[in-house]
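As written, the chain order gives the labels A, B and C, with residue 1 at the start of each chain.
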Amino acid sequence: MLLRVQNLTLARGGLPVIAGLSFAVGPGQALILRGPNGAGKTTLLRCIAGLQPPLAGDISGAAERIAYAGHADGIKAMLSVSENLRFWAQVFGGSDIAEALDAYALHPLADRLAGTLSAGQKRRLGLARLLVTGCPVWVLDEPTVSLDKEAVAMFAEAMRHHLQAGGTALMATHIDLGIEAEVLDISPFRVTAGQRAGASDEAFL
Amino acid sequence: MSIWSYANPVKFLALSIRVQPFLWTAALICLATGLIWGFFATPDDFRQGSTVKIIYLHVPAALMAINAWFMMLITSLIWLVRRHHVSALAAKAAAPVGLVMTLIALITGAIWGQPMWGTWWEWDPRLTSFLILFLFYLGYMALWEAIEDPDTAADLTSVLCLVGSVFAVLSRYAVQFWNQGLHQGTSIPVTTGARTVSDVFFVPLLICMIGFGLLFAALVLYRTGTEIRLRRIRALRARMERTL
Amino acid sequence: MIALLTRDLRLALRAGGGFGLGLAFFLIVTTLVPFSVGPHTDLLRVIAPGILWLGALLACLLSLDRLLALDYEDGTLDLLLTAPLPLEAAVSIKALAHWLTTGLPLVLAAPVLGVLLNLQPAGYGWLVVSLAFGTPALSVIGTFGAALTVGIKRGGLLLSLLVLPLYVPTLVFGAEVARRGASGLDVSTPLLMLAGITLGVIALMPFASAAVLRMGLR
């Protein structure tokens, strides 16, 4: 399994943000995206997850093998932690949530309603969701937001485990996780003035 | 040269600016001729008296109210299939014109209905269908206004137009079933040619219908031009921001 | 798919807004009608089928803006879109959950409210039948409206404006069945039309809903 992106051009709100981006991530590898705010990291990740179409270019690596985690975790406040996890496990065709609860030390919270969790605990639940999907490709947008040091370590451990098992990860993050990963700065691919990228508003110029 | 080359906004705008003066002039001539002829040079109907003359506004407006929606349906389809911006913007531009046409048809109908049927409003299938059409126009325009991203707005309104068309037809049959109605049948059946309107009334009516059609075309072109320019400003602004 | 259905039903039960609110609204609308038209039992008997249909329709409309908006706000829709579940199936399930929590209770409550409005004895059966055939269409069409307005802040009013015209055919035939049933006339034509619309809508509308949802979430 391999995630390959070739000559990708992306737009946000009809305006081009990224042009001519190419990279490939193989099994057992992680790629970290860097770039200032507004560089198009979130747009790129959403596009790879299949939430929005690219203007041009190719993404190979089937979309149904991707587990995506964005800024919101899709957690229902009125369901317990284990009910939340079990729902996503069932949607992705699994049912075992014990391992995911273990990885993020959620066992003591398993029967609490998710609405009573702190922001960091919710985020842990959101990351635990990745484990129950069983998808080999993780596409993560700022996964460590609102996590404390210990939780970040849990995430790094889970990531290491995922990569060892032959998984792939693509993430936008600013902190150092202490895992082996390539870093890709996307700012050189930003669309500059006068450059035509094929975004819809450019048709009017 | 293929007709699709005019899907380019710049080319379309240039062409529409060249065509518009002719359209406006032709529309004005047709409407002036048709309306003056119809209002002052045709005899009163022996049963309806002079109220019959409202037909010169009522029928063409009703015709254009339906055709405007039909045009929006086609341009929406073109946008969904071929992604030509001009097409989506033309649909957006046509909606308020269609809305006003529907309103004219409803109001003139009410004015005619008062002396003829003895009531301003009757829950007749045709009247009701037009009222529903009016609601569809309102919803369509409101959806355009509510969405910020222009491409998403074009996508969503196009699907609404398609689904709305199906439901508009369904509603038409539903209300026909629901109430048989007072409104007379069509006086100018195109397919059978057995028209029940005498030439004295028909010729000025035909001129009025052509005039309304031309007026509609001119208004839509004008409004599409405005929409294209607005998008152009947006694109230029974005480019400026990127330079800064 | 069953997971999504049970989750939605569980949420509706726990949040309390599901069954309770729609039913209470239906009751209030029905109670207010005699206040607005006067306490004439003869008049009420005539308009009862129509009022009950309109009340059920409005009660359905009431909960539509939460149908997808909550899942949009907390990111569930994004995640569902990336899940291996077809979005067409997901919106169908959401519509089904909406019908089970809103439409079905209304169908069951309608005869009780019929008593309040002095509905004719012959009308009860056809009222329930017409609502049972018609309310699924209301949920499915409503899901389309909810999908259209999902990304729009305070889209509730817009949702009503978009959905209500689409409800016209269902309302016309549904209320016609209830009305004809109450006065002992033959109901087969409107009933068939109503069932046809409902079936057609269930079969085709999820594709439109899923399409607009994908567009809106981009």
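In this section, a contact is a pair of C-beta atoms (placed from the backbone, for glycine too) under 8 Å apart; a residue touches a chain by one contact, two chains touch by 3 or more.
These figures come from a predicted structure and were not determined experimentally.
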| item | value |
| --- | --- |
| Touch-based graph of the chains, sorted into line, ring, star, complete or other | complete |
| Pair with more cross-chain C-beta pairs in contact, given A-C and A-B | A-C |
| Most centrally placed chain - per-chain CA mean versus overall CA mean | C |
| Between subunit C and subunit B, distance of the C-alpha-averaged centres to the nearest whole Å | 32 |
| Centre-to-centre distance between subunit C and subunit A (centres being mean Cα positions), rounded to whole Å | 37 |
| For subunit A paired with subunit B, centre-to-centre distance based on mean C-alpha positions, whole Å | 48 |
| Residues within subunit C bordering two or more other chains | 218 |
| Subunit B residues touching subunit C - in the complex, by the definition given at the top | 132, 135-136, 138-139, 142-143, 146-147, 152, 155-156, 159-160, 162-164, 167, 170-171, 173-175, 177-178 |
| Residues of subunit A touching subunit B in the complex | 13-15, 191-194, 200-205 |
| Subunit A contact footprint on subunit B (complex, rising order) | 8-10, 85, 148-151, 228, 231-232, 234-236, 238-240, 242-243 |
| Subunit C to subunit A touching residues, read off their complex | 2-4, 7, 10-11, 14-15, 71, 73-85, 217-218 |
| Touching residues (chain side subunit C, partner subunit B) in the complex | 144, 148-149, 151-152, 155, 158, 161-162, 164-166, 168-169, 172-173, 176, 189-190, 193, 197, 205, 208, 211-212, 215-216, 218 |
